[in-house]
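There are two complexes below, and they share subunit A, which is joined by subunit B in the first and by subunit C in the second.
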Partner chain A sequence: MLIAAALSALLALAVLGVAAGAEMWRHRLIYFCCMIASLVLLAGGIKHLGQTPGTGPAIVLPIGLPWLAAHFRLDNLSALFMVVVNLAAAATSAYGIGYCSHLPEPRRVTPFYPLFLFGMNAVLIADDAFMFLVAWEFMSLASWLLVLADHKNAENRHAAFVYLVMACFGTFCLLTCFGLMAGGEGAYSFPAMRAAKLDGVSGFLVVLLALLGAGSKAGLVPLHAWLPLAHPAAPSHVSALMSGVMTKVALYGLIRILFDLHGEVNWAWGAVMMVIGGITAVMGVLYAILQDDLKKLLAYSTVENIGVVMIGLGLAIAFKGSGEKTLAALALVAGLYHIVNHSIFKTLWFLSAGAVITATGERDLGKLGGLAKRMPWNGVAALVGALAIAALPPLNGFVSEWLIFQSLFKGPSLPHWAMKFGVPVVGAMLALAAALAAACFVRAYGIAFLGRPRSQAAAEAHQVPASMRLTVAFLAVMCVVLGAIPVTVTDALSHVVTPLTGVQFAVSADLGWPWLSPVSSTRGSYSGTVLVMTGLGLCAVTLMLARLLGTSRLRRADAWDCGHKEDIPQSQYTGQSFSQPLRRVFCASIFAARESVDMPDPGDNRPAELKVRVIDPIWVGLYATIGRAVDFIADLVNRIQYLTVRRYLLMMFTTLVLMLLVVAVRQNQ
Partner chain B sequence: MSAIAWQLLQIVLVVAVSPLITGWVRLVKSRLNGRIGASPFQPYRDIYRLLQKEAVVAHSASWIFRTAPYVTFGAVWLAACIVPAFTTNLFLAQAADLIALVALLGLARFWTALAGMDIGTSFGGLGASREMMIASLAEPAMLMVTFSLSLISGTTAPAQIIAFILSGGVGIEVSLGLALAALVMVAIAENGRIPIDNPATHLELTMVHEAMVLEYSGRHLALMEGAGMVRLTLFMALIGGLFAPWGMAQAGDGAVAVLVGLGAFLAKCFILATALGVFETSIAKMRVFRYADFLGGALLLGLLATIFLYVSEAV
Partner chain C sequence: MANAQISYDIAHLIGATVLMAGFQLLYQRRLFAVLNTFAFQALALAAAAAWQAHIQHAPHLYVTAAIALVFKAMIVPIALHWLVEQLGIHRNVETAMSIGWTMMAGVALVALSILLVLPVTANATALTRESLALAMSVVLLGLLMMITRRNAVTQVVGFMALENGLILAAVSAKGMPLVVEISVAFSVLVAMTLFGIFFFRIRERFDTLDLADLETHRGDRQ
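Then we have the complex of A and B:
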């Protein structure tokens, strides 16, 4: 009941947001109320996470299609995603309290923000296809409006346009997908779809359309093109929600269809999803390494992480389709764990980026530097987030990647040859993506937060308001907690996985708390808790030994730098120079990355220039081609725009005759 | 109970013998170069001398720079405690497996690279950038080695892999050979040895690891150098343990078996260190952009090691 109240409150807040006007305290109050609503929804999610499957609260409202009331239900999977969504939403709302006054036009953000939260939560609890799609569109359109918040910037308008086109494409695919599952009678409620049997062709099409529809929202390569345009264009707390949470709602749709409604997905789809996931992960992180815009970099990193989750989901489908239910549950737990983790550390980084923009007005890495000293809170929190994204122990990102690796390593036990040879290749891609993510975030953190300030704005950066600092600190603590007590998390996740895979499963079955031992105690185990304790102990011993054997004297001096004195901060490594070796090694063939040096002749006073050319193969190869094709067809169609009335009448008549012919032929059959 | 005792012994042992192993490699290299060379115990004196000196920290350094030596040393030390050196009966054997080992080394590298960028000098950035490029290929290669070992033995825990090999569960396999080759190549890269990096270089532009720690002095430098030495020992224990586990004591073995294990460990380190010295003397350092070929080769070898398992099964 509280959940329904919180959702209605969000709708009401959207209306109030319109009336907020120019007074800042009203905006702050609305964000505060959003935070309370999110916390209520979070508590609701946590409460129902461990419920016995099939006992979740349900509600039927007399709205929607005339012959189909609106069905809502909160089952275990919905509860988990409700936790994911609202944990991040509570943080971004709290952040918004301080951040809204720094926005250029807060009145274009505040009304749509609660609407966006409402849309995402409604997708999760929808129990029929109609409500699901309505809520899905709420989410898409509200976020589209938020992308357009700073509409005076032409780049943002372009981003919003591409986003709208891709959102329409995604919804179209999902609509068709649900249509196929509903069958001829139009059984749109989820229980009816679950009961229905799909024949071969429609079963195939349902999976394909679900992958296209949810995949385009989640940002799978090659459907990711809108994501790095739209996510950075929105205000930072909305970027955090779009990247950290909305992509997860898309994955929720995918899991709902593939694991719950469809029920019998062929194992080969799992193999396909793993390969797509692997490609998405590697491409995403390579794109990220090439970016100089901090928010674009983060958006591409989201693409990478979605790829990592897809590898886990694909494995789960492959195991489930081959009858290996326990391993399917393990892979699904791994994927869900990564979903939870990514929602936290990506929110953390986008909020940090927002703080950086607030403090300096810059989001170009080349103009930042030295912020760890000027903004200590954000410096520490962003470092924790970077370590988590780079999948380093003892943080949460490592645990989920560890679980994905553990389940990948069991992949070759499947009887299919495609899996035996494919899984090692996907494993190599995942490992490559993880290692490149570390390089990417050493670059992002090292350039933005360390070194000397590269611009006046960075040198004069100031602390941001308390609500913005406390939220990133909270999220950083969550990263540590979820990494240090992994078993508690996997136990909660196994409640979600049980109804989807039909098997009781605990990752810690063999050794108990706090040991993660996915298959058995002798098959490899991990304990973040023990590792953290020992590591801290060893670090303390190191510190003591160094003090005991040596001196603790310390002197501050100029940097030595091999005797070179570098006074201008521009002599430091920049984002471009940091990524140069990686660009040469990895991007020379995929992105056709080339460098050319323009060296003026002796006596010429022009400065020498280094030009870097990078071609996005997917945009140029796929999207630009489609764009040209659409233009071409539009030109052809354009000709019928200027006909005489007589010709239009003739066309209508011809169409009518053709339709009648079709009807006649069909009746005769 | 014995697991805890042996674990404590290993914690002390890896730190105690590491400088000696590094000193031995240096001695072998100097003898091959026709020099008399310093005593193999010289690294102990070097570290003690550095600890006595005051630490000089640049004005522009943040807390990252000052914590990096402790985090790096702590992470590498922890990683070295996980790899069974003389017995598989270790308390921490279940706390982390090979994947966690790779990640712990990654943590040390991440923090060191950040420290390199912290001062804001071009050499630091250069070192960090190149180190991350090398790691982006070396880390996947090591995970692929883990993958093939896990397929052979059914586990990712080093202690269990060693127990499996010792129990005679595996014969001579092509895959094992490929995995060994890949692991050796990774070890060379991770430890910054020739042909990837030269630990004794004095030419700034060819430095990788040294460029990152260029600004360190005093106790900070001692810890950074010490971390490098422990890392070398770690890889020797790993290669010696996984691919030549003979002599290793196991759960349930008494003190005598552990003594034999200790002797075997020291002998293996001695052989590997000598081999490393000979190898480093006999080849030249590579150009930076040849690293990708070398390490890409290691990654492919690791991948081939897994795929060959099925090929040999099918034949």
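Then we have the complex of A and C:
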């Protein structure tokens, strides 16, 4: 009931957003109300997750198609994603209270923001395919409008166009997928789809179309092309939602179809998903390392994390398809855990990027630096976020990646030889991606927040409003909390996983709270709680010893200046120089990365330049080719436009005769 | 029984006459001959409708026959005659495909219609089946005429012949209400008037009725 009220409130806020006008306090009020609505939805989700046997009451509303009422239902899976969505949404809404006055045109953002929240929540509670797709489109179109918020920039218009094309493609695939599952009678409600049995070919097509449809929204390579264009183009709090949450809603769709509605997915699809996930993770992080634009870097990092989650989901499918239900539950818990974590630290980082842009007006890493000192709140919060993304204990990112690795280590227990050998390969890709992600965020944090300012704007950076600081601090605390109490999280997740894998499962079964022991009590265990406690204890002891034994005299000295006497910020490491070794090793073949020195002619007194050329193989190889093919076909079809009346008649006549021939031949058989 | 057989034979004969007239239309090389053949086809159509009215005991089909006789066998050909004379049109039929090939294509289309209609209507009476096959052939021949002739007048005649085929199909199926035929007949008349007006306009502007010359004047052409 409260959930319905909160959703209606979001719709009403969208209408009010149109009327907000130029008065900034009205915009702030709307963001505040969005925050309240998100908190209500968050509470609803948590409350539902708390009750163990969890399928909420089905609600049927007489809207939508005349013969098909709208069905809604909240079950454990939806409740989990509702928590994921609304935790981040509450944070971004609170952030928006302060941020909206820094936007160039807040009136182009405020009305669509509640709509976007509404769309994402409606996808989660939809209980029939029609409502699901309507809500899905709602979400896509609202976010498309938000991407277009700064429409005067040609780059943003291009991003929005690519996004719209990919969103149409994705929805088309999902539409066909649901159509196949609904069968000939058009049973579009989810319970009917669950009951239906799919034959071989349509079962195959359903999985393929679900991967294409939800995968294009989630940003799986090679369908990710829109993501690094569209996510950075939106205002930062919307980028945070798109990257941290909307991709999760896409994964929700995938999980809903593959684990719940379809039910019996072949194990080989698990292998396919793991390979796609591995490639997505590695490619995503390599792209991310090459970026100089902070928000683009974050968007590519999202691609990487989606790949990591996909590895977990693929492994769960492979285990489930081979009858290893407990291991399937473990892999699924790991994947879901990473979904929760990524939604938090990616939101945190995008909000920090928004704060950086607000404070300096720059998003190019080459012009930032030294911000940790001028924006201490953001500096600390972003550091925590970077540590979490880099998967360092005791933060949350470590727990989920560790769980994924633990389930990967059980890969050899699969019966198929392809998987026995393939799983370690994917494990190696995941390890590579994790290491590169750490490097990527050392680079992002080190260049943006540490060192000396590289531009006047960075040197004059100022603190951002309190709401923007408090939200990132809150998210940083969440990163620590979710890492410190992993068992509580996995217990909640195992409630979600039980109906999907059909097995009662607890990661902490062998050793009990607070120890995670996914495989057995002797094979590997981890307790974030103990680690945090020990860490805090050691810190306290060290501090006490330092107090007791050390001197309290304050001493000031120059920092080491790396041998440079003058204070030149340009002598520091830059983003480009940090990534150069990785670019040379990994990107020379994949991205055809080449460096060349542009040497001026004798007598010319411009400086020499080191130029880097990087070619995106997927854009050039896939998207540009498709674009050329479409142009070619359009040229061919264009000729038909200027024929004589007689030729048009001839075409109609020929078509008619051909169809009659087909009928004649078929009936004579 | 013998009576029914004779009714069938006569209906078949008249239907076949309409079809033969369709082939003749394709064969003519002079514009006036085309118009005369068309009038003959309409006459045969009127006879077919009258005969169906007689054997089906459906008096409203006499009205159909009368409409066909008055409008299609008299008014339309005479009006087209008058137009051709008024406009001083070049009286050769200009073909886009040689007459021999057109005839062959026509034969193929008739074969196709028979192949198509006979199995579909296996449950209907023999009379309906034959008539439907004939009617469909006439329709396809009309279309063929429209696409293999360049001159606007011959295209109009092709359209009218196509429409004759439709009426032939309508009269041979039992229970077709009269209102359909009347409305079809009137729409043909309206079409005829419109075509006439357009002929005048085209002629005024471009001094020819060859449609190919019209193409170069289309505004949207790039």
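We take it that the second predicted complex is superposed on the first by the 603 of 669 C-alpha atoms of A that agree within 3 Å, B and C clash if a C-alpha of one lies under 4 Å from a C-alpha of the other, contacts with A are read in each partner's own complex, and residues count from 1 in each chain.
Here is the rule we use: contacts are C-beta pairs under 8 Å (C-beta built on N, C-alpha and C of every residue); 3 or more make two chains touch, one makes a residue touch a chain.
It should be emphasised that the depicted structure is a prediction, and the values quoted were computed from it without experimental measurement.
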Subunit A residues touched by each partner, larger count belonging to subunit B or subunit C: B
Partner chain(s) touched by A:K152 [first = subunit B, second = subunit C, both, neither]: neither
Partner chain(s) touched by A:R646 [first = subunit B, second = subunit C, both, neither]: second
Subunit B versus subunit C as contact partner of A:K197, first or second or both or neither: neither
Partner chain in contact with A:A434 - subunit B first, subunit C second, else both or neither: first
Partner chain in contact with A:L656 - subunit B first, subunit C second, else both or neither: second
Touching partner for A:Q580 - first (subunit B), second (subunit C), both, neither: first
First (subunit B), second (subunit C), both or neither touched by A:A664: second
Residues of subunit A that touch subunit B when the two form their complex: 369-370, 372-373, 379, 383, 386-387, 390-393, 398, 402, 405-406, 408-409, 412, 417, 420-421, 424-425, 427-428, 431-432, 434-436, 438-439, 442-443, 445-447, 450-452, 511, 515, 517, 521-527, 530-531, 534-535, 538-539, 542-543, 546, 549-562, 564, 566, 569, 571-573, 577-582, 584-586
Contact footprint of subunit A on subunit B as seen in their complex: 11, 48, 50-60, 62-64, 70-71, 73-75, 77-78, 81, 92, 94-100, 103-104, 106-107, 109-110, 113-114, 117-126, 128-130, 132-133, 135-140, 143-144, 147, 150-151, 154-157, 160, 204, 214-215, 218-219, 222-223, 288-289, 292, 299, 302-303, 306-307, 310
In the complex with subunit A, residue positions of subunit C that touch it: 96, 109, 112-113, 115-116, 119-120, 140, 143-144, 146-147, 150, 155, 211-212, 215, 218, 220-222
For the subunit A and subunit C complex, residues of the former touching the latter: 642, 644-646, 649-650, 653, 656-657, 660-661, 663-664, 667-668
